[in-house]
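First chain written, first letter: the chains are A, B, C and D, and each begins at residue 1.
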């Protein structure tokens, strides 16, 4: 069916529109604490960008009754790619809409779809340019966010998701598997970084996180230090740490509605077509954190619901494949530091807490 | 009794002698992984120093049948301070010994005592000078350890320990207390940093950790990254994170015998006599980690036994005061992020794990 | 002529082959000091790569009688792009050669041309994969070079060079101009960084530099510190500093043959087709160094000769357009810090040295 | 004469009072750009402190008709040390004054003297405590200044100055000499860093600079980046670079009146009485900058005049010993990178500029 359909030429993940229940509280978090730059504010929306961005925004906060994600938006290379996007999704029987004036300010002609996985995807090319504040060091803060790096989505069937995204022109850079062939997560890119979005196994469709990049590791530490000074350290869910997957240094925060935000720096170039795919064993204790720090269960469990094109919550489909949480933390789950030693590779003094630190 | 006795003028914590059961395994950890500089090696001892040190060593690894600490060693200002040390401890009824040739290589005339808390303390002035490798950037590694920063000792009765150490000339810079007046830990200094040693409440005498300093935070991250690459990430017990107490960025490792090593950077100047003491509430969730990261129970629980002057393990005395572990993690324990909100200041999505992440 | 010729789809600058006169001295510099990873060594060649690279090499040192550049090599997307490269250059009347076995080890089918500007350009797709050492933190050094970032070429007529490179599929991201329209330098990219190569005005064809990336700024400082410790600080020609153009933090070194090597970190994403071009005024004192540090004249003056396909030095063509060196440093040259104040914007206490510091 | 006089027990350099001609311009520089914390402002004075300070101020800007230094102020251990200071200086025939209410706000009982070298020195113990903002990461900036580190003074006869300062209780940590025994500069400390003040040879008494510390090297880079963004890069006089002497990473700025400010990080512990003194050869090209970067002549030449206790400029005494500027940069001056190679150790490509880059 899709073989003679050309996928739109996607440049990169460009922005996410999230619904927040308290615009003032969200503004305090994203603007006052994280220091995202306000491009525009209306009564019910705030448009934010990173310091190195030249398009109108990387994040739209829309006031609404229930926290959710309204759009995962990708920029395409040319206006014609919007026609290709329409065709691509119509061929898959998806709900497709188009708005020549854009769904939000600053963006022109746009296509919004509810994709085969249930996610609200948007594609656009036309966009208002704004000042790239890369050189504006007089207004940078210690934890300056300089780029939107990627999205991360929760979906019950990762191989199906990977197949669809590959048709859409994405390439897998890394994944997590087990020896039975179950895929727990996959990282997929258009721009030559480790990902523009990742597919994480779980009940979905849900949004796992949106990630912004800093230049250096100390910038991420500065964000934590500031949260401590503000007595908002409980916004920190996981990290900072070093990912195994992606090799990036990371931090996960939760915004006032519980939306998860990652701060991320220093993955690697992946732009060659034969870029080697890195597969991690789900039991490798260093896959999610290179230093073996246990992953807090909420990180596996929680996610943001997504909206359909009419603004209603998309119903969840349960994951039936094995769960990474259960495989590694649950009653029969285990992890190892050294594959050849298996589960016993945890040191004696750590074994007690290690399992307990993981338990629900 | 002690009022007309002058305490020795202690310059700083200078080195620790630890007993290790497998010298080759310890060498791999301290030399190959952490990159401490070997000043000298004999059949049963390895003398190690940091890159900016000019005295013979900051750590002595002595091969022995059981992991323990043989000496917490402090350098004094002058040879005469050794006589003062002898007098100071004899007046307290302690076992005192003196060796004009030093107990280990590189050190001259030395006094060793078993102090009122049961710890083997050493004092010396004469020491062999070695090359200060501060400028030897051709041999520095990404995680370069540049100074010995402090010791940390476990003792059942912190106020008693503080009183004794104050007599010895130490000053408290920070402590952890509760509203009933129980003291859980105190940080005490001679050189003008936050501490040369800390007194941590628990069954003692035991050694909690020895801490080395790096210049910057990325140096500590580099140590974790290297441990990951070596598949020894299970040496990481806690951190990296930002301390509340001391404001330093930290990491705790466990050596092959379970001895705890801290890597530490960026506390503050404390040298004025009226330097303000910072007291932390034991229930303040940011006291031990400014970012609110839960403290792994082993960090509270485990410690290294210490030897008396004849090389026998000193018996443990149980702590009878309230335990920080129980107060903050145990069945009735609690922590808060915002004092005015009390225990409820943990966000709903975190409450479940938070308690569980703490439980034994 | 070229309108119906499709340019090869170039992925990125991939490696440079340079001729060095003393292989042992060059090995000492590139391997022992800079820490590039040796993929392979033969009697007269050393193949080097960066820590995050997965193709066989990023730099080939070839022993020869005279220091020069033998190839600026770019990787193309597919084998078919080699045919396109052949056609592209033949249509321009260039000398074109092809070697199905590659001109150096590790590389397969290759096209080498002497391009319209006189440079030896190479294109290849097939390449031997090697281990990506991104996670091998146990062998990383404080100044770890993680990627090949870009080339920089000296050519007398920058607009002509930009036109040709645009035909070849490159896009300009930044340039230096004056109010009369003279172009002094242009930065051009395939991968979405500021450049894969830059065209710098001067007598050419010559190679200005090859640039490797580090993750953070302290990595670059570590390289300088190491050179100081080795008493080779005279390898440092310029920097470290912050570029105006590209916004990257930089350092320029000279290898034992005088070939210039840049170490570079933290430019910005440029992958959108409408990425804004940044034009700098040649008199803006912050264009070459954002901090206004004077550029040492050798940096403008010196460059490496390049070889034709038979291994002979390509004759130099003189630049006839205005020279950046003369415009900003020479007898009538000037720079300003604040455009509206013009030349007077240098503070009184600095004016004397500033001009003198620039003079030849 | 002085042998039975006890010097005051000086804790550390505490603050400098400088006279500025335009308080608003100075406020813009020290507060808006460098981010020093305002403790208090009056019509003609601004009191500033660093983020980790708990005493009232580290810098006082006093409005006056001519740029100068009104006081180099040191804190002493106890109130009695003020009597010792009076006696110490009276015994040397110096003008000595005492003000029980302090000469500036926030400071109590104070002694001000015109010292044997002509400098206005102040000593105090009583001081108002203010909040130590070490943990206030919500208001820290990328270039956060955390401590006052040291002063630097210009005096014609360095050995005489060292003798006097040694009597005052200071110890030399490093110096610059030549093989004839001429001393060009000496670094002297009370607190255990490389210095509380340095004595630099030249026409004096003048103030060379005041230095503030940051935690990490990137903080210093951030100050330069901000100055570039503000188009005030011409405030940067020298650096950033790595000192040979002190091993610190440094930057020198000039304030609106030309007063020189150093930003400084990461020297080493010097608190042991036998701390090895490091002597540098005046011809060693890495002594002032470990990377061999030429020192701009203004840095040797310029300094701030100092005031006597009546507020008049102290007349200058010319240096008669050899000048470091002339020895290393002047007509017969030279430097080497490798001692055994002498002047020839500069590479051929660099020799021309190197001498010229140094010339006046």
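In this text, contacts are C-beta pairs under 8 Å (C-beta built on N, C-alpha and C of every residue); 3 or more make two chains touch, one makes a residue touch a chain.
Predicted, not measured: the structure shown is a model, and the values here were computed from it.
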C-D compared against A-D, more contacting pairs: C-D
Longest centre-to-centre distance from chain C, chain (CA-based): B
Rounded Å distance, chain A centre to chain D centre (Cα mean): 49
Rounded Å distance between chain B and chain D, as computed from the means of their C-alpha atoms: 35
Euclidean distance of C-alpha centroids - chain C vs chain D, Å: 41
Two or more partner chains touched - positions in chain C: 135, 216-218, 225, 228, 244, 290
Touch list for chain A against partner chain C, complex: 11-12, 52, 54-55, 75, 77-78, 129, 132, 134-135, 146-147, 191-192, 215-217, 244, 247, 266, 268-269, 271-276, 290
Partner chain B, residues of chain C touching it in the complex: 135-142, 144, 216, 218, 222, 225-226, 228-230
Partner chain C, residues of chain D touching it in the complex: 216-218, 221, 224-225, 227-228, 231-237, 240, 242, 244, 249, 254, 258, 285-286, 290-293, 296-298, 302, 337-338, 345-347, 349-350, 352-353, 356-357, 359-360
